[in-house]
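The structure is given below, and queries will be raised subsequently.
Chain lettering (A, B, C and D) follows the sequence in which the chains are written, and residue indices restart at 1 in each chain.
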Amino acid sequence: MKSNATFFLDEGDLPFPQGSLKKRPQSKRITDLYRSIRAETERLAAPLSAEDQTIQSMPDASPTKWHRAHTTWFFETFILEPFLQGYSVFDPAFNYLFNSYYEAIGPRHPRPSRGLLSRPGMDRVADYRVHVDRAMECLLETADRPILDLIILGLNHEQQHQELLLTDIKHAFSRSPLFPIYKAAPSPPNVTLPPKIDWWPIKSGLYPIGHDASEKGFAFDNEMPRHTVFLEDYALADRPVSNGEYRAFMDDGGYERPEFWLSDGWAIVQAEHWDAPAYWRREGSAWQVFTLHGMQDVRDDEPVCHVSYFEAAAYALWAGCRLPREHEWEVAARRFHSDHEHTHSQHFHPASLTSSRQKAIRQDVWEWTASAYAPYPGYHAEAGALGEYNGKFMINQMVLRGRSCATPVGHDRITYRNFFPPQARWQFSGFRLAKDR
Amino acid sequence: MKSNATFFLDEGDLPFPQGSLKKRPQSKRITDLYRSIRAETERLAAPLSAEDQTIQSMPDASPTKWHRAHTTWFFETFILEPFLQGYSVFDPAFNYLFNSYYEAIGPRHPRPSRGLLSRPGMDRVADYRVHVDRAMECLLETADRPILDLIILGLNHEQQHQELLLTDIKHAFSRSPLFPIYKAAPSPPNVTLPPKIDWWPIKSGLYPIGHDASEKGFAFDNEMPRHTVFLEDYALADRPVSNGEYRAFMDDGGYERPEFWLSDGWAIVQAEHWDAPAYWRREGSAWQVFTLHGMQDVRDDEPVCHVSYFEAAAYALWAGCRLPREHEWEVAARRFHSDHEHTHSQHFHPASLTSSRQKAIRQDVWEWTASAYAPYPGYHAEAGALGEYNGKFMINQMVLRGRSCATPVGHDRITYRNFFPPQARWQFSGFRLAKDR
Amino acid sequence: MKSNATFFLDEGDLPFPQGSLKKRPQSKRITDLYRSIRAETERLAAPLSAEDQTIQSMPDASPTKWHRAHTTWFFETFILEPFLQGYSVFDPAFNYLFNSYYEAIGPRHPRPSRGLLSRPGMDRVADYRVHVDRAMECLLETADRPILDLIILGLNHEQQHQELLLTDIKHAFSRSPLFPIYKAAPSPPNVTLPPKIDWWPIKSGLYPIGHDASEKGFAFDNEMPRHTVFLEDYALADRPVSNGEYRAFMDDGGYERPEFWLSDGWAIVQAEHWDAPAYWRREGSAWQVFTLHGMQDVRDDEPVCHVSYFEAAAYALWAGCRLPREHEWEVAARRFHSDHEHTHSQHFHPASLTSSRQKAIRQDVWEWTASAYAPYPGYHAEAGALGEYNGKFMINQMVLRGRSCATPVGHDRITYRNFFPPQARWQFSGFRLAKDR
Amino acid sequence: MKSNATFFLDEGDLPFPQGSLKKRPQSKRITDLYRSIRAETERLAAPLSAEDQTIQSMPDASPTKWHRAHTTWFFETFILEPFLQGYSVFDPAFNYLFNSYYEAIGPRHPRPSRGLLSRPGMDRVADYRVHVDRAMECLLETADRPILDLIILGLNHEQQHQELLLTDIKHAFSRSPLFPIYKAAPSPPNVTLPPKIDWWPIKSGLYPIGHDASEKGFAFDNEMPRHTVFLEDYALADRPVSNGEYRAFMDDGGYERPEFWLSDGWAIVQAEHWDAPAYWRREGSAWQVFTLHGMQDVRDDEPVCHVSYFEAAAYALWAGCRLPREHEWEVAARRFHSDHEHTHSQHFHPASLTSSRQKAIRQDVWEWTASAYAPYPGYHAEAGALGEYNGKFMINQMVLRGRSCATPVGHDRITYRNFFPPQARWQFSGFRLAKDR
């Protein structure tokens, strides 16, 4: 991540109603932000038992307890140790246990074995969080930039793990024959099929892409530098593809017809016997889907979710369209964006399409784009351990844009670049169509 | 297992001081036995947190919580459901979750995924145990043979899982960089090297082998029927091989010299980089070993433990001896056996050799024999699900005899046949030498 | 293998009509034997093209070319190099390429990569054989025991590879969609169902087992020493199980009913989707089988072949019988044996049961026994590389007795112990039933 | 691939001296082209024995024999069957055996099992080629567009396989302990270190990219349509990185320092123990490299070759530069390109840098670019089987530009897009540096 010119602090950083904070000094406002984001992690973990917080259902996913500790380790390692004089490390062993992937920090516990860590227990992790929070409060009293920039980074980092905490426990619960419920479902609205897709037209020309470092507000280094691209004429759908539309693809033999699939995708379809999005299961002639509210009927009015890039691309070809490139997504988002009621606090299955139809390009599912994750022209990773934050993952991944129903409020941005391998399905990932004009 | 003629109830079944029970009616005495064995499982699990009880460190090992539930399911499925009128199953889903391997009972949760079961939690498993225990108490009030036979079987089954509970959590803890301590170590005696091995001589001839069904006392079906074998002259060592002796093998290049190894064993040595027993690790020029009391120095006076059959056989060849066949072990045990103070309640690393030297062939480590696990002549597995208890595992496993420091008091027998694949090392497995005369 | 007292030379060693040889000095007779066995290998390889001789269809199987070279390397390494003064090694690289598993000889080409050896080509392997044969002829002019013993061992070794050459190319051809024909089929006799099984009764008592080293004739070290066993009453079927009988097992759901299967066997049935013996494939409502004569209809009058130990054991349990232990097989063979016309030169699918019904216990399929492969009491492997011949494989394998249609004439013996892992199916392996009386 | 407007035939298509062909009718010239390209395949295969042509050393590589048959099948399937009336298929089984990946054509032999196909033999493959060539000659007498376009496609396809034939046999030979020589080495020039890199500057602006369909000459569909991109200022090195330069990276701990590596690359470095380019091996303190001329000393004046994308990217980061994007490569190539003597007929290890220094951006190694392989804006794969030629591979691969010492004369183009997964090393792949200005 790039610290200079990046973490300019401003209301834009604050995801919550900000009126009351406006007059306070900057470090005070960041203290409030720190408290609220740290508390949100604990709020998300609260419904989960000690056992729930310990299990790991695949190497890509981490235990809840691990997320809680790792985000704390991030503050301890990158902020308290270098900058808070006299800080006493909570437990020296944690540097090995809760380093995720920072080679520069040293060796670490192997990722696929995070689920074997019964110790430290849930309670000791809570103690760890309190220990670090207390020290952070001390530091915040006097901290100035660039330390404040690092704290903002740490908070954005924690927000990313808040979403992962949810996707990872969803995956774990989906593997249990008991299909546990993370949170009771709200009473659902009636199914109302979304109107036909409208197309947002964009004319060919030169467009700016990425975050402008001179602007206010936080962005990750991979969103920078702002640069220029030339785009041909194109159009972008005004909403993601719905379950109902996706079922038409399935009913037309989508999962049995290789002509729609990338070669690697078709290999997975056959090896893994994919015949529907992840978490769907046939129940007689109908489909059910496992959600954080438990097993539910698939709703035709929701955006299709938990599909891989391969499925998104196959659907697009079947539909005679294509997936948008990330630049196309961003340019259209700038033009047609209007914010919408963020629905995630209500439920964790993607919100219905109809309810937010008129509102925004950003939706309740991350949207696969046709762009491989690559550095922007002029990008340079920072030196040192934090330079590993983004840059070293720029291979074999596709960019997703938007946000999901599990993205923390205020964490999304038009320039935000999420990224996952094309076969990944455990994120809240859907897609939107594009076409040439 | 074979129910008729097998589970004759008698003091022989009762592992605890039995004087006080002698005068009571049989079912009352079995009730006491039931209570004490069930309580022992809970006593063994008590030092383990909810998180500890949930993890599974390899497919062969099961979570503590699972052992507690599975042994309960055994009583529910094989005794309460068929024999207690009006019994209400605690949770129908548990039949899927806690069936270990009984094909006749139906499909079951895949073994390698037991560590993904955060639910039911530790507390709900405790409730399950209480529910079943209450029903069992009711049944015991009126039960007669053959139900009492099945209960005795269920209790022996639970005792087997008590030992597995310990070996499995030991394996799990050994994978943690924190090396958790299950139980504080007693103050250890001074190291006193064991005297040289003496040899117990046996003359060639016909010998009876196995449990005599007409005798009192419980035995598993695989210990029967009693039959005759012809043995040539041989001699058996009067104690297992010690750590000190095993280190001489290591120092002589034991793990680098293929001439001592079975071909499959040598392949594992190279693939897994074995250079010492499991749980040993080099600490400078010394060796430490992970135990249920945490990391400790290797003691030369303890029997070598956590070695595979391959290592036992390689050592024997290096030493110019061989491993005993299981018949040879049993015949010598009958001849030279004298009971000894059972040490397991004191500590969970194998007891020192010297302390029990004069006592018995049975020791604090299971002892690999040179015999593949096979049915005795005349063996027939019972019809039905319980016929799966032993018979279907009679392939690719080697017999171990004796008992270990983790074996419940009273669970061992001279005719007892334990069995594991030749590469297994997570059991308390050592070995004793034999030679032709 | 054990050289002393073992390789006493006698007519018993000579597989071919021996009248003409009787009067010649021993080394001359062994020269003839050498020539005929070496020529037989080339005769078996002759129908195979350079490409056929190069491919390797699984790690367990070796290319034809490799068998031809390895058997030659055996003579070069164990006989010519130590005993023929001035012998010049054909190509020093061959010691690495064609050492099968002799750790004492040094490192060797990895077994699964034998199929990558395009060089040396077929013709150069032929040159190698000529080079070694010429040197062997020199040596044979003057050789005496114990060199002659080693030569006899080398010839028995080559005969073992003659059978493997056939089983391995059969496996390779079975993987080709073209189903190549190794040898044109003879005109087959009409199908005549075999008579019901008769049972050969054996009374309980002490019996000698194994090869007596003081007797004439060659035996491998694993057949020795002769020793005594005690057997209970039993009966052995007078012929192997037929395809027709095995189909009744299949029709009764044999491959879908776990109650007949060892646990490891049932796991393979499911993982590999076994539903018939190897090389069978459904053709509408009938079954065909791939043979060295190409694809043919399954004949009900032939012994079932290419079944694993697991299938043999499952069938036996279904039939209310069991598999014989290897001692039982040997004792019955001694009692009821009468030699029969060896059929292998006629065809390479197992001969019909009816044609040889009245003749012998030894048949045209190897017969799985219920005995794990283990050393006989008193067995000691030779020191040095040749000690690796048999001993180091005595784990995780089951003994097969008899011979097959692919066994070279004269290579079989009543005491012969063949051995393969219980899951192996690419050998000509069937089985015979036994029962307690 | 795109047939319309693409395969305009012209001298540009003809890789060989064309003077003599100029006056002949188009189909006649294509007949000559057909003959010369088909003959070139046979010339390349000629040094390889039947055994050499059969082996397959990894799933990504194919046997020589398979390449010869597959390219023939391409003409048979896509041209003769649909367009030559009365054409009789050589062998119906070949459609299954030699279909590479065309799902629309039907099922096919699994790729990793191509090395098990001893049949058809080398000679029968030769017959197949003659059979198809004769039929093609008939067709060529009367063929017109669009059939001629398809034939040109088939010839370009065959040229691609000519290069693969060489890379695949090189990989196979490298796995042999004998290190076979494909072709004797020419006498090598003295080592003359290349001059320092010069940088070709390019100014920011809009640039055309890709093949213009209205131009003469063949191009694959993935090179189209021509479109516009905006590039920032940059500079491109005037030659690839040399072995000598790469050794400086190695000497500086390049393979031990994670800070230079993409995360997936670092994982491979550790798992596969990479410490040098593929085919290099340490010989004391020096390095040797396996080539098609056998094992040779590594020359500091040659371009580094057989490196993965990961190694190229790590080197670039170490050198303070970056890899060029494919658009940058193409634009600089148009500006600075001047043709150079094609060296491949002389040798198959990459030509020395010095000899061609002044000449061209195109060199004797394929050059990794920083661009993921993706469709150009406006790209649509053809309908039908030939639409699978390129489009379905546009995921998880990186684009390489230029050509290699193994690329057939005349097969390269400035717009040519080669592509391989980032971990691939068995192609003749090197790289060139770029930097921002």
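Things worth noting here:
Heads up, the rule we're going with is that contacts are C-beta pairs under 8 Å (C-beta built on N, C-alpha and C of every residue); 3 or more make two chains touch, one makes a residue touch a chain.
Quick caveat, the model's predicted, so the values are computed rather than measured.
Minimum number of contact steps separating chain A from chain C: 2. Counted as hops between touching chains, the shortest connection from chain B to chain D is 2.
Of all chains, the one whose CA centroid is most distant from that of chain D is B. Between the Cα centres of chain B and chain C there is a gap of 39 Å.
Rounded to whole angstrom units, the spacing between the C-alpha centres of chain C and chain D is 48.
Across the assembly, chain C contributes no residue that touches 2 or more other chains. In terms of which chains touch, the assembly is arranged as a closed ring, every chain touching its two neighbours and no others.
Residues 49-55, 57, 65, 93, 96-97, 109, 113, 115-122, 172, 175-178, 180 of chain A touch chain B in their complex.
Those residues of chain D that touch chain A in the complex are listed here as 101, 103-104, 206, 227-230, 232, 258-259, 261-266, 309-310, 370-372, 374-375, 377-378, 387-388, 392-396, 422, 436.
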